[in-house]
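Let me begin by presenting the structure, written as structure tokens, before commenting on it.
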Amino acid sequence: MPMKLQLKIWRQKNSDDLGKFNTYELKDLNPAMSFLEMLDTLNLQLIKNKEEPVEFDHDCREGICGQCGVMINGIAHGEPKNITTCQLHLREFKDGDTIVIEPFRAKAFPVLKDLKVDRSAFDTLIASGGYIGVETGQAPEANTTPIPQEIAEQAFDAAACIGCGACVATCKNESAALFVGAKISHLASLPQGKAEREKRVLNMVNRMDELKFGHCTNTEACQVECPQDISVLHIAKLNYEYLRAKFKK
Amino acid sequence: MANFIAAKIPEGPLEKKWQNYKDQAKLVSPNNRKKLEVIVIGTGLSGASAAASLAEMGYQVKSFCFQDSPRRAHSVAAQGGVNAMKNYKNDGDSVQRMFFDTLKGGDFRAREANTYRLAQCSAALIDQAVAQGVPFAREYSGYLSNRSFGGVQVSRTFYARGQTGQQLLLGAYQALLRQQAKGKVKIFNRHEMLELVCENNTAKGIITRNLVSGKIERHAAHAVIIASGGFGKIYYLSTLAMGCNASAIWRAHKKGALMANPSWTQFHPTSLPQSGSYQSKLTLMSESLRNDGRIWVPKNKKDARNPNEIPESDRDYYLERKYPSYGNLAPRDIASRAAKEQIDNGFGVGELKNAVYLDFAKAIKDLGKTTIQKRYGNLFDMYEKITGINAFKEPMKISPSAHFSMGGLWVDYDLQTSIAGLFAIGEANFSDHGANRLGANSLLQACVDGYYILPYTLQNYLATQIDKPKPATHSQTFIDAEERVKTQLQTYLNTNGTKTPDEYHKELGKLLYDYCGLSRSRKGLTFVIKEIQRLREEFKTNLLVLGDTNQINSELEKAGRIADYFELAELMCLDALNREESCGTHFREEYQSDEGEAVRNDNDYAYTAAWEWTGNPSQPELHKEKLVFKNVSLSTRSYI
Amino acid sequence: MAITGLFLCLFLVIHLLGNFQLLLPEDEAQLQYNAYSAFLSGNILVKIIAYVLYISIILHSIDAIYLSFKSRKSKKTRYRYDARKRASKWYSRQMMLLGVILFAFLVIHFYDFWYPFKFGELPLDQQGNKDLYQLVIASFQNIGYVGWYSVAILALFFHLLHGFFSAFRSLGLYHPYYAQIIKLIGVIFSLLMCIGYLGIPIYIFISS
């Protein structure tokens, strides 16, 4: 059953351009098609008509690299909860629907072109402390420090973040607390991460402010849109670690 | 007449070679290291681990990737696990055994010394990853857990749920960013390498395009390391990411680096089938599904019934029939080939008749739904997310898809290519996997190359460069290289034809899949070479790319990648044509036993085919590296 | 923010307990409530607490303004089509609006009761205490006043519904089990405060 869709897509030439919506029509779409394949199809149609294709970020197309991500009908990664844009399929829409597509927006994520945004602020955050400072060759035998299974599992839950930025895009405060909280929580819960525990959280939180991310007020919207369903409790853990580090200082 | 090339394998018994090498390798003193600059292309497991390790040693590193962050390199997608010889299970694992499994898995077409070194260095990787905070699966006791993976009899695979690659990569990425914060590494995101700059067959630097501003930039260094990953995306439909490409290695190849065994591609048997012509990639479903799922097709080609309504008597469980002892767990290449055979013979299922069933009905009946839910719940969810089908109620549909390139840049024992100062690591080199890679060995190889081998072998090279100044980017060679890149990009825009890069890519991919994929024949290869040449000529005159070079332009990026694929595709076919034997994933229809099994020819083909660019893509020059087996006896792989 | 917010919550409880005296039989209530008010204004400890309270309100408000200022959108970051609200509760997003209502209420509240009590001329009751009781009762017999009061208390309800658990999270309560408990306590607390503060004026209004 072929589908017809109308797309309202944000077009912006570069970061200085003001940008605007353009409307496009697509016919004969297969409901089994993925959302990004629909954009491919649109682009093919545009190019054939000598119009510039829509730029959007994507790579793995299986929900793990974190490079895709747009606002679909006003929701980060679209209506279904806890998925990435590349995992969205057209069967989620109805024939004849209009879909509004906008880039992720935040002061810390400037739009580069159309739907592409610059999320390098996330890298800057990790560089400010989101690591365990072990260098190649320094590691002791892996089984010297047993880690209880539930701790390892908790660490994993936090470490699963794919760095897509949906949490920031969906947050009314543009806060990166879930992203940073996940990293802090991952590293602080492991024995290996204890040595740099205080330094790490203080640096990352300070850098978060410098990078123009907003302040978390616990609206909890982030977890709903997070493809990995990272728990908001990691933000509480971030607060705990931060206060603890402040007290120690 | 082919020339023979040597791999510079160190002296001594197999188990002493690497130690001997390290004992004798030249060193660079710490105060000299900061004067030496290194370029690393790629931030996957191999690139990120190499860049971080080199920076930790004190070298100045520039790190490049085309994604918007180093963390997105395609290593992130690896699910299953990583092998390492720890023998935590006390089940008889040893370096020797791991070495042998790898060599045998590769159908004895890999270098003994490299494979042995891979096994030797494997244990240290687990230590390193755990120290970085990689949350590997653990037992209740808190100790690390292992599972077994295809093709081996011991449990040596470490895993982090279904996201092992992601977790390992984040460890390496974090180490890399730590060095960035210290000022030892400069990271260039959204940059694509478009040219290697060489003088006197020595690497001097690269030309890149800034994918945001479109600016063409020159970067010079004392050594260049290519860690650009696999090129399985050449088949268009594959388990690789959209941006995966051969451009970095291909441009190096055109500067003189040899390409080894380019046609050896592993096809993964359990990925999701194509659902329409719009399809852009095939998602991998973990191979573990084959532990409980049964693979079948209807006996009657025209059977249009719902799979649940087809009675047992009308089903052909062809793997169980053909390989009674391994059944549904036959190795990847065999399972993939058998599926393709069924599909080609018209037994395929699904709308496009391009898949086979993977059925859990029996397992659900025998073990109960809860057990299956527990074992594969997340995979069933993923399947439903993509297809909208509940696999508890209806068999999955799967099909083989291009997955891993065993071929790549030829490197010697030092991981140095045939160009001095140009090294290749990770999936980009032709590596240690022979004609077929064992599951969970390639994450290992990427990491071992980057953390443990390159830091020594590169230093051995850099020691000869201490008194040489960093090459100047205003030299004529750099200027010319930049000009060439600019002209080429402009050519794509000027062609102004009617077909987009993707359209060409799909056509090329289909040709390769059909004639240089799971099985190859002289007739088919001869035919497809002509087709590729024809399509390549058409591409040159009929390409359609809009926009301009000085802004974000994905289509322009694609055009360059496809242009390279067109040349590489022909080399792959020539390589497949040259190798008149069947080995590993390389199955030549002419060379099979009466039972349809691969027949290897050790007398004539126990060599690595390393191809040299001659300026004409249709006439590459063959060099052979003889494979000498002193420590194993060559046996026939049998899974019947 | 969390500390000041929680302090305000504590104050809410004490204030409510005091207010319950209004529900005693009329004569008793008048004397006791006025005596209580007088006691509060005389005691040095209470005075200190009162100052902490004023400071808390001010700090809490300043912090609120600062946070809103920080998350203020520029044209570039405002979505043209926005359905993000499906992922969170309206009151979680509207803490500032609720807070402003509360602030307005507090100002009026102070002006109506606290200011006349402190600085105004009030008749004295039998024991010679200022008769705040009559003032309060009179106000609560006015339908308009009760209406406005109810709006403010509803605002308080929603402010607490988010604020209570949020404060604990901000202070680092990350344990899943206890976080769940606190969320529950938060709901109960908000309900109690709401019923308590609304019950008094409504009771007085109805019974008059």
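So that you can tell them apart, the chains are marked A, B and C in the order they are listed, and the count of residues begins at 1 in each.
One rule holds for everything that comes next: a residue touches a chain if its C-beta (ideal position, glycine included) is under 8 Å from a C-beta of that chain, and two chains touch if they have at least 3 such contacts.
Please read all numbers here as calculations on a predicted model, not as lab measurements.
*Asks:* So that we know how the chains sit together, what is the shape of their touch graph: line, ring, star, complete or other?
*Replies:* line
*Asks:* For this structure, I'd like the pair of chains sharing the most C-beta contacts.
*Replies:* Among the chain pairs, A-B has the highest number of C-beta contacts.
*Asks:* Hey, how far is the Cα centre of chain A from the one of chain C, in Å?
*Replies:* Centre-to-centre distance between chain A and chain C: 38 Å.
*Asks:* Could you put a whole-Å number on the gap between the CA centroids of chain B and chain C?
*Replies:* About 64 Å separates the centre of chain B from that of chain C.
*Asks:* Please compute the C-alpha centroid of chain A, do the same for chain B, then give the distance between them in whole Å.
*Replies:* The separation of the two C-alpha centroids amounts to 27 Å.
*Asks:* Please output the residues of chain B touching chain A within their complex, sorted ascending.
*Replies:* For chain B paired with chain A, touching residues are 49, 52-53, 56, 67-72, 74, 76-77, 86, 88, 124, 126-133, 135-144, 160-161, 163, 166-167, 170, 173-175, 177-178, 180-181, 187, 189, 212, 241-243, 275-276, 278-281, 283-284, 385-388, 451-452, 455, 498, 500, 502-503, 544, 546-547, 551-552, 554-555.
*Asks:* Where on chain C is chain A touching in the complex?
*Replies:* For chain C paired with chain A, touching residues are 67, 70-71, 74, 76-84, 86-89, 92-93, 95, 162, 165-166, 168-176, 179.
*Asks:* Per the contact definition, I'd like the list of chain A residues that touch chain B in the complex.
*Replies:* By the definition above, chain A touches chain B via 13-14, 30, 32-34, 36-38, 40-41, 44, 47-48, 50-53, 55, 57-62, 64-67, 83, 87, 89, 91, 112-113, 116, 118-120, 122-123, 126-128, 130-143, 145-149, 152-153, 155-156, 159-160, 162-163, 186-187, 190, 192-193.
*Asks:* Please output the residues of chain A touching chain C within their complex, sorted ascending.
*Replies:* Residue list for chain A touching chain C: 8, 10, 21, 71, 73-76, 100, 102, 105-107, 110-111, 170, 172-175, 185, 214-215, 217-222, 224-225, 231-237, 239-244.
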